[in-house]
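Same chain, two partners: chain A is paired with chain B first, then with chain C.
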Partner chain A sequence: MFSISPQLLDQAIEMSAAFMLVSSFLVLAIKRLHVHVRLYAIQSLFLTAVAVCVGLSGEKHIFWVAALTFLFKVIIIPALFARLIRRLNIQQETQLTLNVPASLLIAAGLVFGADYLTRTILTTGNGVELSRNILTISIAVLLLGLFTMVTRKKALTQVIGFLTMENGLFLTGIAIAKGMPLLVELGVFFDVLVAVFIMGVLLHRINETFDTINVEKLTKLKG
Partner chain B sequence: MNIQQRWNEVLQRIESWAHLLQSWLSSLFFFLQENAPYFLLAIPLCTAIVCAVIGRKRLMEQISVWGSALTALFGYFLLQNVLTTPSYVTIQARLGGLLYADSLSAYLVLIICVLGLLAAFYSVGYLGHEYEQGVFGGGRLREYYFLFNLFIFTMLLAALANNLGVLWVAIEATTLASAFLVGFYNKEESLEAAWKYLIIGSVGITFALFGTVLVYFSTLDLAHVESRSLNWNILIQPGIAASLDAHILKLAFIFILIGYGTKAGLAPMHTWLPDAHSQAPTPISALLSGVLINAAMYGILRFHRLLSVSPVGPEFSSNLLLMFGLLSVAIAVLFIVVQQDYKRLLAYSSIKHMGLIATGIGLGTPLALYAALLHMLNHALAKAFIFMGAGNLLLKFKTKEMARVSGAMKVIPATGAFLLLGVLAITGVPPFNLFVSEFLILTASLEKEWWLAALILLLLAIAFAGFLYHIGQMVFGPSKEELTFGEANSSAFFPLIVLFLLILMLGFYIPSPLHQLIEQAAKVVKP
Partner chain C sequence: MDWNQLVLRMAVILSQLLIFLLLAPLVIGWARKVKAFMTNRQGPSLWQPYYDLAKQLRKEVIVSENASWIFRITPYIVFVSTFSVGLLLPFFTSFVPLFFVGDVIAIIYLLAIARFFLALAGLDAASAFGGLGSSREMSLSAIIEPAMILSLFTIAVTAHSTSPGVIANEISSNPNSFSWFAPSHLFAFIGLFIVALAETGRIPVDNPATHLELTMVHEAMTLEYSGRYWAFIEWAASMKFLVFLTLLANLFFPWGIVPEAQLFSPSAVAMGFGIYLGKILILTTLVAFIECTTAKLRLFRVPDLLAVSFVLSLIALVLYFVLGGRA
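After this line comes the complex of A and B, so read on.
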């Protein structure tokens, strides 16, 4: 088997991770729903790339994770969502509670926050630069996903936000916390898949009952 | 002579058979007891699947109740195992270290089994009544019994998990199993509640997973490769815990506390809880409020222990728990006073009690830990009791608004009386059980800071006044003319009476095995 220098792999990992962050930003900048789904698929593709690089650097069982990520997050889940969008006949634009420039500014602030956080944490011990960068991007993607969920009103975008958070988390899980027990990773995968499935079914029921999937209409319960 | 000989022979043979049978039975018993954790997980899972396959009302009810009873039996075996082994870390890790049981797990298993069994009983009458009234069709009943048992299974898995990743998978699975149960009635409100529950719960739990991954990350510096693990029993070994990275662990605990705290109903992440707990069918409300939030708190406790033995020390996590606990009590009490819906009222009371438990754990003295753990059981029993009483009220009055319920005492006197007793119990009036644990928590806080005790006492008093004001109007007051006298769900009396007797008993004395179990569990939290 051909060998690749570890530095190159590390750089490839960092590069892919950076692209994951970029796609998180794009979700905030673009309003069209089916683009969100595609961006999610692209982000997952970069996650797959990270996993493959980690696998090439010697952790063989990560290849399984890469395969699963590709299968579920790049193909199956986006396909399900595309179908859901068609079937529910959702109008394309999401309404925002915050306009795009403001959300991008806040998002940038979140990334700096994440950077500051990891700087204070990883001063001692694990002071490998790669780990710090990945951890920063991981936390940033997590926070951006949460931010997407909070500011977008379409229930579907909330699900995308949730899945983005999950991607951020997997980045750390794959790239720096190498070798989580495989069974645990499988369990996590299964849980996420079931969660998405249940969210899809609930979306259907919400759409039937409310005639909309705008979260704004879900305001009966207060106090 | 000959007959005598024959007779002796026969006797001997019978004796040897009896001996054989006895040895078989005892080895079978030993086998069952030894493998209690497996059975504990297998039985609810099988029950769920069988219910999903069968789908006939009477049969599902029978299977669900008997399955819960069998689960409770194995819960008892596990309890015996844990109690009879002298040291507190008792049962070795199983299944390659994925499963594990000690006193703390056994204590949670006890809570799950008791309430699971009673809720299964209660479901038969409650769901049966609604089914006859045509609130939902037969297919939904099958869905209910499948998810109900699956829900119990996921909680038991959380209790018996050793690997912190498995713990996470189990707690996330509780959300997934119960989301459809929350949205069971398929009305606008219940769907909204289910959506919020699923989304907020999933986001919270994502944070918890990130925390778990960070814990694993903190083990990567360890010299021994075999000690890199997510297995709790390995991580807490002094040699390994001491060499974990303190900074990363602190960050991890913050994520864990936010994550599992969301599911435990700690303020300010509690916003899904009143919706979900009030919209779910009553037996599920009882399980969510009584058991599930305890299971989430159990997850926090495991990490709390890990941090206390690591270089971070116990201070950090204790202070955070204390802060979140007090905040939860304060916010919950405010909402209790202004509440208009009685099931939401009970849900906010759950947040208050979880706050008290977190406060007790945060105080961290042996007395406070004992009190907090005891409070878990006490609250679970009392909350299930009052939820079931309120469920009977709901079946009769068909509204959750307090303003539209009055004169319960005249229409359904037994339920009215149970409700009143439940309110006294849940607000911590002697001689009921919550008084004991609340009093102990207060005593422990008094030892720490006098103002802390004063603050808690003040909040408890306000909650008490609010509760009594709300419920007094519902129970007494003039009755509505259109309602005829008579209970809507009399079969609920069995679980109600059992719960009442337990609440009363724990108010007077704590049986010594239980006392021993809680003391050991407190040592698991803080050795």
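After this line comes the complex of A and C, so read on.
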């Protein structure tokens, strides 16, 4: 069995986590719906990379998580969304309540907020550093997902925002808590999958009833 | 300081200036060649930019009768201010000739002087296109500049210095060989890369190969120039391209750069020069690749791209402090 220096592994974990952060930034910067789906797949791919690195550092059972993440979040869910976009035959760009530069600046502010938050939770100490960095990034990813849900009007983008939040939570689960029991992980994965299915059906219904998935239209009654 | 040292430094200064002047058109030629190759064309010769410059330098200058002295003086100001950046940058050695005069901030503002006068000259001849180009250039540069400053500061914070020579030395001699494999480092690089594309008028922002009035930015400002003046401006533009490539190569990946102590050894210098040339060619190829594979952005979409660059640099700086300065 070959061995990799733990320092390099730590750096690789941080790097992949940082890329997750950037991909959730890019969801805010780009308007096209199918790019959002692809960015979600890329973000999940980096989550897989984090899981693989944690697995390489000794926690063997995390490899299962990596495989499941790859299967569900990189392949199945994006494929489902791609099919949904094709079937709904909707306008390809999301509408914004806040323009791109402004939302990017606010998002950068959210990262500052996440940093401030974790600094008060975890103070410096031996071995705390990596946990704190990862916690910062995962809270930032969570906040960015929430921000996406708040400022983007298309229901599909809001689902992507929700899944981004879920990815942020998983990052903490994998990199800091070194994963949960396999049964729990499996349950969570199926939960997410089922949630995506239900949201897909819901999106379909919304589109059928209102001829759009712009959530602003949902404030009007239609009988 | 003894004579040997002095002669050596003079040699470095002279060679740097020569490299800067003579390599710049070649880099443009290489970018065009790669683009031609990728689109299955033969393309002009690698030396075409030199032929162009030589021919333009011999041609007569035609100046609009409405133009003032600003129009005449601008080519020289643009050329000289860009040229002097060459003395503030580390090329193949981390010894920077004018290290006592200025640092990366001086570089940013020397380029800003050139841009300012170019924008004035665009307005000066009172042609509609010139004014259009100037207004575009200034509104874009208002967004580019903060992004550029932020990304350069990120790398400066990593190396605890704003002097490019010290940064190159610091990073290339860092005992942690994976120091470049840090998020802040990489994001600052991407941020500066986008800035470089925007500043040198490459494709997602401006198209260097066309004179289409709807899209041009740099070309619109220089449309009135001809002959010698045009040659100086184009030469300065190619030097600016080289400045950004060198910043990207030598601040972020300064491997193989020759420290001042090793300048006496010819083999070390030759090696350092070869590595520098290789890095520049790789980066140019990357730029040409991006030009071939992406479409030009609509002008009103460009601020979005630049905002991405700004925010990436900002995240880089934040991450540097968040990640405890381990980079």
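Assume the second predicted complex is superposed on the first by the 214 of 223 C-alpha atoms of A that agree within 3 Å, B and C clash if a C-alpha of one lies under 4 Å from a C-alpha of the other, contacts with A are read in each partner's own complex, and residues count from 1 in each chain.
One rule holds for everything that comes next: contacts are C-beta pairs under 8 Å (C-beta built on N, C-alpha and C of every residue); 3 or more make two chains touch, one makes a residue touch a chain.
All values reported here derive from a predicted model rather than from experimental measurement.
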item: Superposition on chain A - do chain B and chain C clash or fit; value: fit
item: First (chain B), second (chain C), both or neither touched by A:76; value: neither
item: Partner chain in contact with A:104 - chain B first, chain C second, else both or neither; value: second
item: Partner chain(s) touched by A:14 [first = chain B, second = chain C, both, neither]; value: second
item: Which of chain B and chain C A:115 touches, first, second, both or neither; value: second
item: Touching partner for A:181 - first (chain B), second (chain C), both, neither; value: first
item: Which superposed partner A:136 touches (first chain B, second chain C, both, neither); value: second
item: Spatial angle chain C-chain A-chain B, Cα centroids [nearest 10 degrees]; value: 160
item: Contact breadth on chain A, by residue count: chain C or chain B; value: B
item: Which of chain B and chain C A:202 touches, first, second, both or neither; value: first
item: Minimum C-alpha spacing, chains overlaid - chain B and chain C, in Å; value: 18
item: Intersection of chain A interface sets (partners chain B, chain C); value: 124
item: Residues of chain B defined as touching chain A within the complex; value: 98, 163, 165-166, 168-169, 172-173, 175-176, 179-180, 183, 186-189, 191-196, 198-199, 202-203, 206-207, 209-210, 213-214, 216-217, 220-221, 228-230, 245, 247-248, 250-251, 274-275, 278-279, 335, 338-341, 344
item: Complex interface listing, chain C residues touching chain A; value: 176, 178, 181-183, 186-187, 303-304, 307-308, 310-312, 314-315, 318-319, 321-324, 326
item: Chain C-touching residues of chain A, taken from the complex the two chains share; value: 7-8, 11-12, 14-15, 18-19, 21-22, 25-26, 29, 100-101, 104-105, 107-108, 111-112, 115, 124, 129, 132-133, 136-137
item: Contact footprint of chain B on chain A as seen in their complex; value: 117, 120-126, 131, 135, 138-139, 142, 146, 149, 155, 158-159, 162, 165-166, 168-169, 172-173, 176-181, 183-185, 187-188, 190-191, 194-195, 198-199, 201-202, 205-206, 209-210, 215, 218-221, 223
